[in-house]
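Both complexes shown next keep chain A, but they swap its partner, so chain B is in the first and chain C is in the second.
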Partner chain A sequence: MTLSSPAIPRGPTLVERLPRGSVLLVPALLFLLLFYVYPLAQLIGASLPGGSGKNYALIFSRPVFLRVIAETFRVSLVVMAVTVLVAFPYAYAMANAGRRALLFLTIALLIPFWVSLLLRSFSWIVLLQNTGLVNQVLLGLGLIETPLKLIRTEIGVILGMVHVLLPYAVLPLYSVMKKIDMRLMEASSICGASWFHGFRRVYLPMALPGVLAAAILTFTLALGFYITPALLGSPRDMMIAQMIAGQFSEQLNFGLGAALAVVLMGLTALAFALFGLGRVLLARRAAA
Partner chain B sequence: MSFEHKALQLDRVSKHYGEVRALEDVSFELRKGEFLTMLGPSGSGKTTTLRVIAGFVEPSSGALLIDGRDMTGVPPQRRNIGMMFQDYALFPHMTVLENVAYPLETRGVKRSERESRAREMLGIVGLGDFAKRFPKQMSGGQQQRVALARALVFHPDIVLLDEPMAALDKKLRGQMQIEIMHIARKVGATVVSVTHDQEEALVMSDRIAIFRAGKLAQIGTPQELYTRPNSEFVADFIGEANLLRGTARREGGICRLEGAGWRASLPGDDPRAPAKTAAVTVVLRPEVIALAAEGERPANALTGTIEDRIYLGVEFRLIARLADGSAVQVRSRDLARISALAQGDAVTLCWRDEDFVVIPG
Partner chain C sequence: MMTDRLRKTLFWAFVCATALFLLVPTLIIVPMSFSAGSRLVFPPEGVSLRWYGKVLSDPDWRAALGNSLLVGSATAVLASALGTAAAMMLNTASFRGKALVLGFLLSPMVTPVIVFGVGSYLVFARWGLAGTHAGLIAAHTVLAIPFVLVSVLASLRMVNPNLALASAGLGASRLFTFRRVTLPLILPGVISGAVFAFITSWDEVVVAMFVANTGTRTVPIMIWNQVRTSLDPATAAVGAILIAVSAIGVVLSYTLKESDR
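Showing the complex of A and B:
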C-alpha cells in the first residue's frame, strides 16, 4: 500500500448522524427525565424497601388488594364498553354532518371537556342525589315511588366516568370515520346489501382502527380514575387509584402505595400491549 | 301495452333541488342488451339520471320502470342493478374474490357457490389469478375489471357505469372501452354508461343520449347523432361542425337556403325543408365539403378566401373565411389541388344535397 492511496473516508460521527433539528428535542427530553423518569425510578425504589419485594407479596396475597384490582379492571371494562358504544353513533353523526351540525356537535362535546373534572363530578352529585333533578323528574312523572339510589353506587361511578371519557372516544373514532368513503356504503347497497348488512361488513371493519384507539384510550384512562369514583361511588366501589391515595395520605405506608402504583402501571402497560397486538394483527390482515 | 317489457323506461323524470332543476322531463327507453351512453358537459343531468336509475336519488316527478316494474320507493338494494363507480368503490378490506362475491353474499347465496361464481366472473374479466389479492395491490386497470366483475356477477337487470374511464390513463382507455363492451355483450348485459368523452361514447354505445342543462337534447345511434343532429348543441358536441347562418324560403317547387357567401337548395318535399320563410342554420361536417371544379356553378356552394392550409399527412385541413367573417373548416384528401392553393386565394366549396342538416333558427 502506498502513501498516495486515497484515505478511507471517515464515517459520520454520532452527532452528525442525528437528524437535523434534534437539538430542539433536548428541552422536552430533559423535562421528561427530570420530572417523569426520575420520580418514577424513585417510586419503584420506594416500592422495594431495602431491595425486598414484601410489598408486592402483600398485594398479591391479600384478597382486599386483589379484589380492588379486579374491581378496577371490571369497572374500567364496563366504562370502556359503554363509552365506545355511546361515542360510536356520536362520531358517526359528526363524520357525516354538514358544517353547521358538525360545529354544534363539536361544541357540545368539548365545552364540558373544558370544565374542571371536579366540577363535573359535583354536578353529577347534584343531578343524581335523592333530591336531585333526575329523581325529582322521575317522581314527578310518577314513574317511580321512591327515589332511585343513583349516587354512591356503581351506576353513578360509571355515568360520571363515561361522561368524562366521552371526548377521548369520540375524537379518535371521528378521525377514522371521516376518512371512510361513504360511497362504499352506496356500493354496498347497490350490491344488494341492507343498511345493516353493509354496516356490519363494510363500515364497521373500516371503522375498527378507530374503535380500538377509542377503547385503548378510555380503558387506560379509566384504570387511573380517582376523583369521579371517590365522589360518586361508595367505599365498596373503590378503585385502585383511591387505594393508592389512601396508602400515601392516610396509612402513610409509602412503600405499599408505591408498589400499588407500580402494579397499576404494569397492568396498564399490559392492557396497552394487548390492544397494540390487536392493532398489529388488524393491520397485518389488511395488508396480507 | 305490449307484452315485451323494455329493460328500462324513464317517463318524464324530473329532479328539482329547491329552485335548481337538475333534471327536467327526461324520457327514454332501453331494450334488453342495449348499451346506452349518456353524454354531456358537467352539470347537464347525466349523473343525476344515473343516480335516479340506481335509486340513490328519488325523482321529484315522473316514473322509472325496470323490466316493466315501477321503481318508486324501491331502495337501491332491491333493484337488481349492478354499478361500477367512478373510482370503483371497491371494499379495501376485502380480497378481490370477496369483493366480487359480495353481491351474491347479500343475496344469500351459500359460500361455495358464490365463490365459484365469483371466480368464473373473474375469469371472464381476465383476473383469474388475482382472487386472493387486495384492491390496493392492483393497478387502476385491474381494479376497474374487479369493479366490473362485481357489477356483473349477479346477472343484474341493468348495469350502470359512472365515468368508467375517468380514472385510467389515456393509453389504457381505448383498450378498456373495447374490452368492457365485449364483456357486456358476452354476458348480455343492458348497460347505461355516463361520460363526457364523446369518443368513448362513439366507441362503446349502441345509442347515445346527449344531455344539456338538465334536459335530454337528443337520443339516437352514433350515426344518427352525427348525420342528423337536431340542434346546434348536438351538432357541435358530436364531432366537428360548420354552422352556416341564413334564411330559407320557398320558390316554386324548391326550397332555397341562402346566407352571406353561401347558398343551397332542397327539393320542396324534402323533410329538411322548412314549410315557409324562416331563419335557419345549416350544419356541414368538415369532411363533406369539397373544392368545386373549375368553372362549375354548384347548387350548394360557398365562396370565401383561404385563410390557412394545414397538411396532416393523409389529408389537408383548410380554413376558409366567408364574406360575413365566419370561418369554415374543410377536411379534404384532394391533396394535389389543395397544394396549389395559397393563402388569400378565392375558393368555391361545394357539397352534396344529402350531406347537410338544416336546423331552425
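Showing the complex of A and C:
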C-alpha cells in the first residue's frame, strides 16, 4: 500500500505574504538604506574607534563641549518660544481670514519657505550690519545715537532662526485652528465670559495640539542649525552643528566629530519621542 | 478694558508686521542686486546690471551654475522616480508597520543636515564618490524623496481607485494602467514633487560643502565662501538668479495644479 502524500495546504511564502505592490517600495527603501542609513551607521562606528567610548567620555566631561550643548539647548528653547508666540496670531489670522487676506498671508508665508536659507541669512547680515537698514531706521528715528551691534550677536542668530522656522510653526498651528468652531467662542461670550477668559478656557485648549506640534518641530529643527548661527552669530556662542563641522573640516578629528553628530542625532530623536509622549497624554486627557 | 475694536486693530497690525518680517529679508536681495555701487547697502546706490554682467562672465560662477543645474535636474528625475513608485504602493496597500515605513521615508526632512553631511563625507571618501557629481546627486536625492512623496501622495488621494480597477477589468496590464490612467491623473503632483526636489538640491549647501570639491561645487557653496569673506553685490546678483529660478519652478507647479482643477 502506498500512501499518496496528501496535499498539505502550504502557507503563503514570505514573498506572497508581502503586501501587494511591495516591489514599488523596494527601490526607494534600498536607495535610502545605502545612501542614508549606512552613512549614519558609519558615523556611529567612527565615533567608537576600536569600540572605545573615549570620544563620548570627552564630550561629557570637558566644559567646552558641555557649554556648546547647553548653548544649543538654550538658543533652541528661546527660538522655539519666540517662533511659537509669533506664529500663533499669524495662524489664527489665517484660520479666520477672508479669501483674499488668506491668500496674501499664505503667499507671505510660503515665499520665504522656497528661498534658500543661506540667502536669507545673507540678507540678514546686510540688514543688521552697522550701516544696514535696521540701524539706519533706528538712527533716523532718533531712537539710538550710535549703531547697535546686531550681527555676530545672539540677537542676530535668534532673528535669523525665527525667520527660517516661522513657516514650520504656522503650518501645524493653522491646520489645527482652521478646524476649531468659532461659534464656541461666541457661545462663551454669550454666557458672559470675557474675551480673554473665553480664549484661555475655550480656544487655547483646542489649539493645544497645534501648539505642541509647532513647538517640537521648531525646537528639533533649531537644534541642528548650522548656516544661520555660523553667519549671524559670534564664534563664542557656537552651536553644536558648528562644532561638528569644525571637527571635520578644521580639527580633522573625525572620531570626535562623529560622536558629536551622534549626540545631536540622539537629542533630536529624544525630542521627537517626547513629542509622541505629549500627544498620547493630550489624547488621553481629551478622552477622559 | 480693551475694546474689541482696539484689540482687532492691534492684532492685525501684529499680523501685518509679521508678514513684513517674513517678506522683507527674503526679497531685499533682489533690489540690491541691481546696485551700481560697489557696496552692499540698502537702498542701493544707483541702478545697473553690472553685477549680473560680472557674475555671468566669471568662469567660476558659470561652472558653479552648470554644476547646480546638472545636480538639481538629476536629483529631480531620480527623486521623482523613486518617490512616485513608493507613493503608488503606499497609497493602495494597507499593512502593519505602514506608518513606520512612511515615517522612515520622510525622516530625512528632520534629520539634522549637518549629521547627514558628515556621514556622507565619511562613506563617499571610501566609495570614491567624494567630489563627484554622482555623490552629490545621491545625497540630494535622499533629501528630496520626502518632498516628492508628500506631493504625489496628496495627488493620489484625489484619484478615484475605481478608474484603475475599470482599466484592469477591461484587460489592461498594470503598467498600461499606470501609464495611460493613473500617471496622467497624478502628473501635476509628480511635477510639483520634481520641482520641489530640484529646489531642494538647488538651495542645498551643508551636504554639498562636505561632498563636493572645487570642480563640482555648486552655486550655494560659492555664495557661502563669498559671504564669509566679504559683502559683495555680485553675491546679491547670484542670489537673485537663484530666487528667480526657484520662483519659475514654484509658479509652474502651482499653475499646473490650478489648471488641473
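Miscellaneous remarks
Criterion: the second predicted complex is superposed on the first by the 269 of 288 C-alpha atoms of A that agree within 3 Å, B and C clash if a C-alpha of one lies under 4 Å from a C-alpha of the other, contacts with A are read in each partner's own complex, and residues count from 1 in each chain.
Definition applied: a contact is a pair of C-beta atoms (placed from the backbone, for glycine too) under 8 Å apart; a residue touches a chain by one contact, two chains touch by 3 or more.
Treat the numbers as computed from the prediction; the structure is a model and nothing was measured.
Once the two complexes are laid over each other on the shared chain, residue contacts for A:Leu24 go to chain C alone; chain B is not touched.
By the touch criterion defined above, A:Phe60 reaches neither chain B nor chain C.
Contacts of A:Arg201 after superposition on the shared chain: chain B is touched, whereas chain C is not. Once the two complexes are laid over each other on the shared chain, residue contacts for A:Gly257 go to chain C alone; chain B is not touched. By the touch criterion defined above, A:Leu117 reaches chain C but does not reach chain B. Taking chain B and chain C in turn and counting the residues of chain A each one touches, the greater count comes from C. Within chain A, not a single residue is touched by chain B in the first complex and by chain C in the second.
Interface residues of chain B facing chain A in the complex, by the touch rule stated above, are 54-56, 75-83, 85, 89-93, 102-103, 105-107, 134, 150, 154, 160.
Those residues of chain A lying in contact with chain C across their complex are 19-25, 27-29, 31-32, 35-36, 38-40, 42-43, 46, 86, 89-90, 93, 104-105, 108-109, 111-112, 114-127, 129, 131-133, 163, 166, 195, 217, 220-221, 223-224, 226-227, 231, 241, 244-245, 248-249, 254, 257-258, 261, 264-265, 268, 272.
Residue ranges of chain C in contact with chain A, taken from their complex: 4, 7, 11-12, 14-15, 18-19, 21-29, 32, 40-42, 81-83, 85-86, 88-90, 92-95, 101, 104-105, 108, 110-116, 118-123, 138-139, 141-142, 145, 199, 202-203, 205-206, 209-210, 220, 223-224, 227-228, 231, 235-236, 239, 242-243, 246-247, 250. Contact residues on chain A toward chain B in their complex (touch as defined above): 181, 183-184, 186-194, 197, 201-202, 205-206, 286-288.
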